[in-house]
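In the two complexes that follow, subunit A is the common piece, with subunit B as its partner first and subunit C second.
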Partner chain A sequence: MKRFFIIIVLILSGCVFGYAQDFKAMLVTADALVNFPDSDFSAEYTIAREVPKQGLTSTSCVIFRRDVEKKYVIIVTEPKINKGQGYLKIGDTIWFYDPESRRFNTSSSRERFQNSNARNADFTESTLARDYDVVKGEKVMLGKYDCWLLHLKANNDEVAYPVMKIWISDDGLVRKAEDYSLSNQLLRTTAVYGYQKVGTKYVPTKVLFLDNLAGAMVEGKFVHEKTQVTITKPSLKKLPDSVFSKTFLESTSR
Partner chain B sequence: MKIGYKILLSIKYLAGHFRRYIFLLVVLCFSFAVITATTTIVEGMTENVFLAAENHYAGHVFVLGYEKDKRSVLRITDSDTILNVVKNAGFKPAKTVLRTLSYNDASLYFSGVSVKQKYVYGIDWQVEQDDFKKLTFIDGEASDDFNNNGIFISEPVAHNLQARVNDDVLLEVQTKTGQKNTLKFIVRGIIRDSSIFGFFKCFVSRTSLNMLLGYDESDCSSIGLFFKKNDDLFEKTDILYTALENIFSLGDPIKNREDFTEQIRADFSGFRYFVFPLSVYISQVSDLLTAMKFISYFLYVLMIIIAISSLTVTYRLILYERSREIGTVRVLGMQSWNTQIVLVFESVFLFLVAVIAGLFLSLLFTWILSMFSYESIPGFDLFLRKGKLTASYTPGIIFTNILILLLTVLPVVWIPMFNISRADIVNTLRK
Partner chain C sequence: MRTFCLIVVIICLPLSLSWAQETQQLPEDIDALFQDDTPPKDTKEPGDETAENSDLLTQVVMQDNFSLGADFLLVGGYSPGLNYLPYDVSDPSEIKYQDKFIAKLNSSVSLNVRFSPEFRVFNKISARLPELELEVTELFCDYTVADTVFLRLGRQTITWGISRNYPFTNLLARLPADATDNNESADSFAFKMNIPIGTGGLEAVAFTRSSFWIPSDEPAADEIGYGGKLNLAFEFADINIGGFYHKDMDVRFFYTVKTTLFDSLEVYTEGLLAMEQAWFIDPETRRIGFSANAGIYFDLFSRMLEINAEYFYNGEESDPDQLVKGDLFPMFPGHNAALNVSFALFDRKFKLLFQGKYNITENSGVIIPAATLSLFPHLTFTLAVPWILGPTDGEYSENNEENDNRRISLILGIVLKGSL
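Moving on, here comes the complex of A and B:
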């Protein structure tokens, strides 16, 4: 009888504990901490892609974001061969500008950024709360962080990854994410090494994207293809409207 | 003089003077061999392009569906209605092939290596198994194992992935709305396919691909109609277009590949179907084929000119040498007209021997040419079958070549014949 009561109490406390956590609110907070609805955002990004047995390639770029208007501009500054290439996102359309051909081609948020493991969508605002529902959540440790591991399922069919797992630390920041296909195949792992505070917002310092499918055997061990993004000089200063235009991309490449 | 005697006499003369005619025979034989080898190889190359396209696109006349919603996908949701229209329009296709296609949106993964796939075809094994059995498999085979979660990949894809038969490969596609979806397949066969149409392609079952893309089970991307007689495909396309245009939203009739690309890039939303013959797909290489044909015609004309000039000189010389003999025959009472007929028969027999020998020589030429592999020539593999040149000896080509050569040669021999048979007998005998 005593054991029965203990079980009942444990179940009830589990339910209460579970209900006490508003997982959707956690997503809203996670989004809010890294989005900039009240200001513009700019920073310098260094994207280093490492392909096992092939070596390291690096791309530097400057990013200008205006989340409130769903716009961003990315201008590639290095390597020299790609200098002047740029991306302009307005609404759901992304244009890629190539200074060699002086042409704009439409791209997609799902496409790889400069052939790295990062996607064009990784540079835009976070929309976890809008696009995903939480299937379940559990308390886990991720290194030194006490985290909530949330199992997410897309509530619309427009996102590239229909299933996700994210680790949110007590401060509300996303520390790790796993992206899955519709058939639950792990495709990509994202690890955020740390954040830097800019005003009341947070900007990651280093993000590692690990391609869970691509890689090679190196000395008997499977090494994944990965891309590390380092973000420096973040700023929330207001940007001129002219930045978010095709003309700006064309003029910077000259 | 009876015709039988004339024939007999001409054969006797030809046999008697055969040594004189050897050079003529060689010239005619060689010209016919070169002309026939050239034309049959060009015809073989054209056929190979057609066969490669037929195998790749699976059909002679196509209905292709395009849906533009959140993104553009190749999709037909009314295949049953379309098949009914085909039936009601009076078509009796030899075979109807429904295929689903994921275009430029997929990747295959194996042991960490990924290869982008330009074409992922979903096929109905029961319908297409005979066609697949005709393909060259460098590993594995076209067996019913395909239906058991199987995938056929092309040789370059297998090479890049370092995958072999029975390996598990992961196929990643984007659903109709752009979500990533994956499924493991077992490599059941590696197809030797190096043609321009199918470098990076693979085949899985239509059911699996429909499921991966988020399509309904009965959906497809294209309906291909195979016909036993395929020389009136434009006419058939027009009939099908007229039958479908009242029921579905159709794109304008398509003239060539550029037109097709322009139409699918046009701004529209929802479904739009396109009806076109196979030649639209291969119109991208038609310029190349025309260029090849021009080269062959140039060679053709060159050989004819060589033959005519050699024949003119040699035949005149032979007749000059035989002028006393011809004069004697006429003195004995043979009329000028009959002399001409005997000489013509002589030439015709010589021509027949040359054509038969030339045909064998042409077969030898094409056999030697087909011994070598031409795969290393960039872009040339499109015209090859299994990496080699093939010649197509159709009765039409051989008959045309014989006729053209005969019509060219006949005046060349008849004019000197006419002159010598009507020449003054006294002068002829004094030569």
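Moving on, here comes the complex of A and C:
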């Protein structure tokens, strides 16, 4: 009886250990599916921002990414008033080029992109496995998707959100995320509701960011500020090295 | 004559940007988005990229292969003011009231033609009232060699340095010590070559101004200045070192260092070594000066509050009037301090602003508290109170012609601005 009890305990602890391993592996897979360590990546992004009572505004831009060197370049193409503005990110530092003043400013990747609910960090490679530890996981349904809901806690203070919940569907893709403060205040909800496949990799087609703190009462109901990102024309073609330079930003602007 | 007087510049303090408004609505119920189990759309395999997708880079570069642009700025207003402050004078009868009407209009059209990803031409022509003068403000061509060497030739604006309060390292905008109105409005011409090195790169320029040579003549070889800068863009700091030589000006070398601390505090410092050209012949008797600054910039509450503070030591004692093209006041020798604060409310439609510059050495300064209101597209209302501090023979008081030498004034203005 005693031996049987020990075997049961060992099996159960093995299961628990196995689950913990699986959760981390899930994050690794989720990152790997949307990152491009072996190629460059470029795509066109359309960012629509809706502020209740103020209407919808939109920005279009083109993104060039080189994940292996932790770099990206964003060139704003619409609206015309912001056309030619550019972002160059190397590591955690971002250079912002303003064609009107013809000057570069540096900023943090935690900052919001073009005053939207998307952050500069949302355009870079996914680093869930590196930056977060899984506190617990549970099986849930998200609409028609069977998902693992993982509760994450940041293991460093470099990330924008110290606590996260993410929904990963059976195919390993992140479908939804909730970003929290340290005091567990829900700050932002993200829905990735559509992917496109590029070779063996996946690129979201539409991402919706909902600001859980900002919004306004409309007809007796609280409506949040939202930003929707639509991604088109993804490509894995190799880019010239000069694209990831300040000179390129200056030369593509007016 | 400077392009715009102090009043116009004050009225045009940060104007809000407006985005194109659309009517479509974004979904509010996040979970409802996942009711359809849509499999990922297969876009393409690697190596099978269509011309459309693989040429995104060319598309960005060629996005404006032919385009027309236009800018319009109308500034109108009224400004009463006093030539003395009541506590400045023993005899109040010396105080004179002076008011003025403000009307400025500036319009420009531009033509951008890109013949290929490597070659484009840009031309911008501006007209302004009340001068009614047409001016080619920009006319240059770009040529790129093998995605590695970027050339620009023609009339163009090149900006070096960081500080907007004291642009002493913006060497190509520095004017000769005996600068005249002719120098200040002079056209600039440059050949610029950029070679990316890592994230930063090398920039070499050959530069001159129309006032540096005899009108209606072509510049001689020795009337062209030469310089360059090397940008080292590291993750921890953005560093520039460079220099510029022109026979009519001191030889100047500069450095700039900028970094971001704690993810939000921008810190910068710049330094400048200026040497009289004769110094190279006789260092004992010729002057040499060193200037440096240090400044911070940070914003809080999603850029609702923006603060910039800077200290500047100007060691170029030889040039009492150190002019920078486009700047309202010269840079004064000695110790200087500047503070800029912007507080924006109601989605940046209403702003409270403060600009202040103070020359500690001369006990002279200027402060400009202001407010702007942008209720309607393209239209901004401005209220500002420029106030000269310190003695009447102080530097800021004596270089205040742009505001008709008024010690204090009230400016009520309207700005109508559009860009296409």
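Note that in this section the second predicted complex is superposed on the first by the 234 of 254 C-alpha atoms of A that agree within 3 Å, B and C clash if a C-alpha of one lies under 4 Å from a C-alpha of the other, contacts with A are read in each partner's own complex, and residues count from 1 in each chain.
As a convention for this text, contacts are C-beta pairs under 8 Å (C-beta built on N, C-alpha and C of every residue); 3 or more make two chains touch, one makes a residue touch a chain.
None of these values were measured; they are calculated from a predicted model.
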Joint occupancy of subunit A by subunit B and subunit C, clash or fit: clash
Partner chain in contact with A:R102 - subunit B first, subunit C second, else both or neither: second
Contacts of A:K165 with subunit B and subunit C, given as first, second, both or neither: neither
Broader residue contact with subunit A after superposition on the shared chain, subunit B or subunit C: C
Which of subunit B and subunit C A:K153 touches, first, second, both or neither: neither
Partner chain in contact with A:Q185 - subunit B first, subunit C second, else both or neither: first
Subunit B versus subunit C as contact partner of A:S251, first or second or both or neither: second
Subunit B versus subunit C as contact partner of A:K24, first or second or both or neither: neither
Partner chain in contact with A:L236 - subunit B first, subunit C second, else both or neither: second
Single subunit B stretch clashing with subunit C - from 131-139, 149-157, 293-301 or 347-355: 293-301
Residues of subunit A that lie at the interface with subunit B and also at the interface with subunit C: 108, 110, 224
Subunit A partner contacts - residues on subunit C that touch it in the complex: 17-28, 30-38, 40-46, 49, 52-54, 56-57, 59-61, 63-64, 69, 110, 112, 122, 142, 144, 147-148, 150, 157-159, 162, 194-196, 198-201, 231, 233, 235-236, 238, 258-260, 263-264, 266, 302, 347, 419-420
In the complex, subunit A residues that touch subunit B: 52, 108, 110, 154, 157-162, 179, 181-183, 185, 187, 213-217, 222, 224-225
Of all residues in subunit A, those that touch subunit C in their complex: 39, 42-44, 48, 50-51, 54-59, 62, 64, 71, 75, 77, 79-82, 88, 90-93, 95, 101-108, 110, 112, 142-145, 171, 173, 175-176, 189, 191, 193-200, 202-203, 205, 208, 210, 223-224, 226-228, 233-237, 239-248, 250-252, 254
Contact set on subunit B toward subunit A in their complex: 70-71, 109, 111-114, 170, 172, 174-175, 177-183, 214
